[in-house]
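Letters A, B, C and D mark the chains as written, and numbering starts fresh at 1 in each.
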Amino acid sequence: MNQLTPDLSVKLGPLELQNPVMTSSGTFGYGLEFDELVDLNLLGAIVVKGISLKPMTGNPPPRIVETPCGMLNAIGLANVGLEAFLKEKLPKLRKFRTKVIVNIYGHHIDEYAELASALKGVDGVAALEVNVSCPNVEQGGMAFGVDPDASARVTEQVRKSTDKPVIVKLSPNVTDIRIIAKAVESAGAHAVSLINTLTGMAIDIETRKPKLANIRGGLSGPAIKPVALHMVYQVANAVDIPVVGIGGIVDYRDALEFFIAGARAVEIGTANFVNPRATLDILEGITEYCQQKGIHHITDIMATLGSNLHI
Amino acid sequence: MKEQQLEIVFNRQINSNAWLMGLNAPEMAKSARPGQFVMIRVSRSMHPLLRRPFSICGTKDTLMLILYRVVGQGTAIMAHASHGQKFSVLGPLGRGFTFPDAEGSIVLVGGGIGVAPLFFLAQNLKKHRFLFMAGFGSADEIIPVGEVIGTQIDVSIATDDGSIGHKGPVTELLEKYIAGRDINKKAISLFTCGPKPMLKRIADMSKDQRFWCEVSLEASMACGVGACQGCAVKAASGKDKAYYHVCKDGPVFAITSIDWASY
Amino acid sequence: MNQLTPDLSVKLGPLELQNPVMTSSGTFGYGLEFDELVDLNLLGAIVVKGISLKPMTGNPPPRIVETPCGMLNAIGLANVGLEAFLKEKLPKLRKFRTKVIVNIYGHHIDEYAELASALKGVDGVAALEVNVSCPNVEQGGMAFGVDPDASARVTEQVRKSTDKPVIVKLSPNVTDIRIIAKAVESAGAHAVSLINTLTGMAIDIETRKPKLANIRGGLSGPAIKPVALHMVYQVANAVDIPVVGIGGIVDYRDALEFFIAGARAVEIGTANFVNPRATLDILEGITEYCQQKGIHHITDIMATLGSNLHI
Amino acid sequence: MKEQQLEIVFNRQINSNAWLMGLNAPEMAKSARPGQFVMIRVSRSMHPLLRRPFSICGTKDTLMLILYRVVGQGTAIMAHASHGQKFSVLGPLGRGFTFPDAEGSIVLVGGGIGVAPLFFLAQNLKKHRFLFMAGFGSADEIIPVGEVIGTQIDVSIATDDGSIGHKGPVTELLEKYIAGRDINKKAISLFTCGPKPMLKRIADMSKDQRFWCEVSLEASMACGVGACQGCAVKAASGKDKAYYHVCKDGPVFAITSIDWASY
C-alpha cells in the first residue's frame, strides 16, 4: 500500500515554513539547549527567547511554580541581549536548516524599532515575533498589548524598520482580543500569534507570601488550552492575515484543534518541559492523521470548523 | 543528556520518609557524574505537569539510584510505583562536583535527603580517604549509606533531637572538626548538600575559614536544560552574572559563587 | 490539651455567614440535590442556580466537556424560573438553617430589577448574587459584565428594587477587572464575587465540530485557579467592599490562598462534581489549619498576603 | 445515593477491549436496581477531572460489577487498577428500568458495551422468560454473559463482520423476531442499550410497532445528581419538558420520550 506523504508546508504571509510546528518563545531557549534531544532540522521554525536591546537579568527567584495542569512563570524576560544573541547564538543556529524567528521585546516603542533595525538584513533571521504581551515586566510589554493603539504603533514602527516578516504576539488578558488583532493587522502585521500567558498567581499558605517573587506570573500549559483555542478561533474569523496558535498544546490532537479553528501554524511551549520531543511527536501525529484521513495538504483542514468536509 | 523510558527494578521504603528507587539505565548509569541530576516525569497525565528533579545518589552496574523523600504529589506517585513500571527520565543533567584534589582532607556534609548526591560522590571517592557527616531529624530518619549504595562508610551522625549521635545541627560536628585542626585550612575540601539553614551556616563558616567548598543547590525547575531560565539563584556580588541557573551552571556551585543573603 | 475552636463567621456587608464556605451558582443545583451527600446545615451559604424571570430550557447538548484540570460548560442558564423556584424549591430550602443566596440573571436591565423586586422581603432569601457575567447566553449576561457602565446600571437598579444585600458577580473576561469592580462598588454593591468562568472552546478532531453545541463555553475548575486568585487579589486591593473568591477551589489550601489574597468568603463550584463533600472537607481543613496556627478568627488571616504575621 | 471508597476485589480483561471490575460494595450492591449507574472517580489528581459514569452490570453478594470498555484516559486508568486499590464511587444513581409486566414477551437488545445494564436486568428477571439479543463488531468482541454475571443465559448474537451469529446489525434479529410473530405487538416489552445508530433504528421501529420500549442513554455528565444540567437530552415534542437530564430523569427512558432526530 502506498503511504500518502502529506504536504505540511505552510505560509505565514511572506514566510514559508516546511511545516506548521514551531517552538514558542521562552520555552525552548535559543534552540541549542535542545540540540541533544530534538533534531532541530525537523521543526517548522524555532522562535527564540525574547531578545531585548540590552541584556536583562530577569526577576528574582522563585520564578516558576506549578499549578494544576499548568505553570506560572515570572522569568522577567531574562535574556542575553541583542549583541550576545547575534554574536554567540545566531551563528550556531545558522547551521540548522530550520528557520529562526526572533521574538523581540522593548521597554518603549523606540526600542522595538531599534531592535528591528538592528536585525534588518541579518542572515539567518527569518522573521520577527513582536512580544507586546509579556505580563512579567513592569513597563512596556503588557501595557502595549492591552491597548489597540499602542499595539498598532509598535507594529507600524517595527514594519518600517525591517525587511522581515512581522508577527505580532498578542496578550489574552483583554476583553476582546479581536480588536487588538485588527489594530495590528491594519498597522501592517504579516501575521499574529496568540496567546501569550494569562496573568495568574499562587500563594504559599505557610509563609503567606506569593509563591513567585514577582507576585504574579504568566499561566501556561494545558490548563489554558480552551481559552487559547477560543481566542484563535475568534481572531481567525476577524482578520485576514494568518494566525499562529499558541497555548497548552501538548499533543497532535491539540495542534489539530488549533488548525481546525483557523490557525495556520502552532507554537509549542510548556509541553517542551514535559516532553522534550513534544514538537516531533506532534509532527508525527499530524502526519499519521493526514494519512488516515487522506488529507494531502495540511492546509486543507485549516479553518474548517463546522464545515465538516468529507475529504 | 537523553530522554529515556526507564524501568523500575526496585522501589523500597528505607526509613520513615525516604525511598530508594533503582532504575535500569545502562547509558545514564555509565555517563553520570556525582552531583548530576535527572528530571523524572512521574505521571502520564498533565497533573502533576512538570518533571521532578532528583540527584543521582549512586549507580550499581546498569542501575541508577534515586533516593527521595515523599513531600508532595509527585513523590507520592513515585512511592506508589512498582517493579516493571516505566518512567520517562531526562538526564544526566547539570554539572557535578569537581573531583577533589588528592592532597587535602575531604569532608562531606549532608543534611536529610541532601545526603543523596554525596552518597554518589562517596561511591566515587573509593581511593580517597574522606569524612562523612550527616544530620537528620531523629534516629528513625537516618538514611543508612550501606543500604543505599552497597558500600559501608563511616558516617558521623547528628540529630536534632539527640536520639542518636550528636544532638544539634550537623554543622556543629563540622565546626568541632575544623576547630580541632591546626593544619592549613585551605587544604580542606568540603562537599555539601542539605536544607537552607544548614547551607547558609556553612556559607558563613567558609567565609571565615576560606576552605574550598562546593554545594549542591535546589531550585524550582521547568526545563532542566538551561532553556527556561526558571531555576535562577542570585550570584554573589562581583560575579560575571547576576543569576546562575541551577540546572545548567549547577546544581553544584562553589559556595562563594552564591549570594547567600538572598538564597 | 484544649483544642481551639476558631471562629469562622464572616460578614459580607450586611450579610452574616456562619462560615466563609459557600457553594457556587450552577454547580450545586438548588442545594437539595446534594441533601443525601452533604449536611447542608454546615455550609456558609448555598448560592442557587441562576434564576431568570421565566423558565429557561438552556442550550442544546452537548453542554459540557472535560478539559485538562477543568471543564467547559454551556448550560445556557437552564433554570426553573422565578415562580417555580419560589413555589417548589425555596420552601424546601427554608428547612435548613444555612443562608440561601439567589443568583439572578436577566436578559435586560429591567428583568434584573423585576427579579429583585419579586424577591424583596421574601423569607428565606438572605441575599442576591447578580450574574452579569454568564458567557453562555446570547444577549445580556456577558455584555453587561464587560462594560463598567452597564454593570453599574444593573447594580443600581437591583439595589433600588431590593432590601437584601447585593453581591455582584464579575466576569474574568476583561482587560482590567478592577474597573468593573469599582463601578459596581460605586453603584452600591454590598460585595463582589469573582470569578465567573473564562470563555473557552474545544474541538472534536474527528468530526471537526465544536465539542459543545454552543461552540464556546465557560472554563471552570482547578485550571483557572491561578487566574481567579490573581483577580481576587487585584480587586481586594482596589475596592472597600468585601470580595468573594471563586474559581478552581478544590481543597482547604486553595480556599486559604483566596483568604490570604483578600477574599472574605469563597464559593466552591466544579469541585462539588469531583468530590460532593468538597465544601465540608474544606471547612474541616480550614478549622485544622487555624488550630495548628493558633488562629482564633478566620478573618485574622484574610488579606494578609506578604504581611507575614507571626500569629 | 452515597459517596464511598470502594475496594477493587477483581479487575480483569474479558475480551479484546472489555474489562470487568468487581467492587466490594455491600450497601450499593443491595440497593441498586437494574438500569442505575455509578460515577467513579478514577484518579486522585485533577486530570482527568470529572467522575466517569458506568452502568451497574450486575451484583453478586456484596460485589457490584462494572463492565467497561477502554476508550480514553479514564478507562485506561481503571484498566490498570489492581486488587485492593480503592475508588471513590457515587451511587447508585438515576432511575432504572421499569420492572416488566409479567404477561407479555420480554426482549433485551444490547449493542456492544451497551449490554452492561441489560445483564443486570437479566440477572433480576430470573422468574421471567426473556429473549436476549446482542450485537458486537466481531467474534472477539463478544462479552460472555455467563462470565460476567455468573448465570448462563441464551443470547442471540449478531456481528458486523459475520464472524459469529447473524451477520449484520442486531436490530435485524429484532426485526425478524417481530416480523415472525402474529400476536398483539403491544405485549412485547423491549429493553435496550447500545450505540446511537442502533437506538435510532429501534426508535424508528417502535414508532410503527407500538411495543413498549425502554432505552438506557448516555450523555456527558458532571454532577450525576441533577444539579448541573449538563446531561441534557431533547425530549420528544409534546412532553412537559424541553430537555430531560440523563442522570436524574434517566438514564432509562421510555423510547417515545426522546427526540431521536436530535439525539
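The rule is short, and it goes like this: contacts are C-beta pairs under 8 Å (C-beta built on N, C-alpha and C of every residue); 3 or more make two chains touch, one makes a residue touch a chain.
These numbers were taken from a predicted model, which means no experiment stands behind them.
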{"item": "Touching subunit C and also subunit D, the following chains", "value": "A, B"}
{"item": "Farthest chain relative to subunit C (centres taken as mean CA coordinates)", "value": "B"}
{"item": "Euclidean distance of C-alpha centroids - subunit B vs subunit D, Å", "value": "55"}
{"item": "Euclidean distance of C-alpha centroids - subunit B vs subunit C, Å", "value": "46"}
{"item": "CA centroid of subunit A to CA centroid of subunit B, Å", "value": "36"}
{"item": "For subunit B, residues contacting two or more additional chains", "value": "46-48"}
{"item": "Subunit C: positions in contact with at least two other chains", "value": "68-70, 221-222"}
{"item": "Category of the chain touch graph - line, ring, star, complete, other", "value": "complete"}
{"item": "In the complex with subunit A, residue positions of subunit D that touch it", "value": "46-47"}
{"item": "Subunit D contact footprint on subunit B (complex, rising order)", "value": "43, 45-48, 73"}
{"item": "In the complex with subunit C, residue positions of subunit D that touch it", "value": "1-3, 41, 46-51, 88, 90, 219-234, 241-243, 262"}
{"item": "Subunit A-facing residues of subunit C, complex", "value": "67-70, 72, 146, 173-176, 198-203, 205, 207-210, 216, 219, 221-227, 229-230, 233, 248, 253, 256-257, 260-261, 289, 301, 304-309"}
{"item": "Of all residues in subunit A, those that touch subunit B in their complex", "value": "26-30, 33-34, 36-37, 49, 57-58, 60-66, 68-71, 73, 75, 78, 221-222, 250, 270, 272-277"}
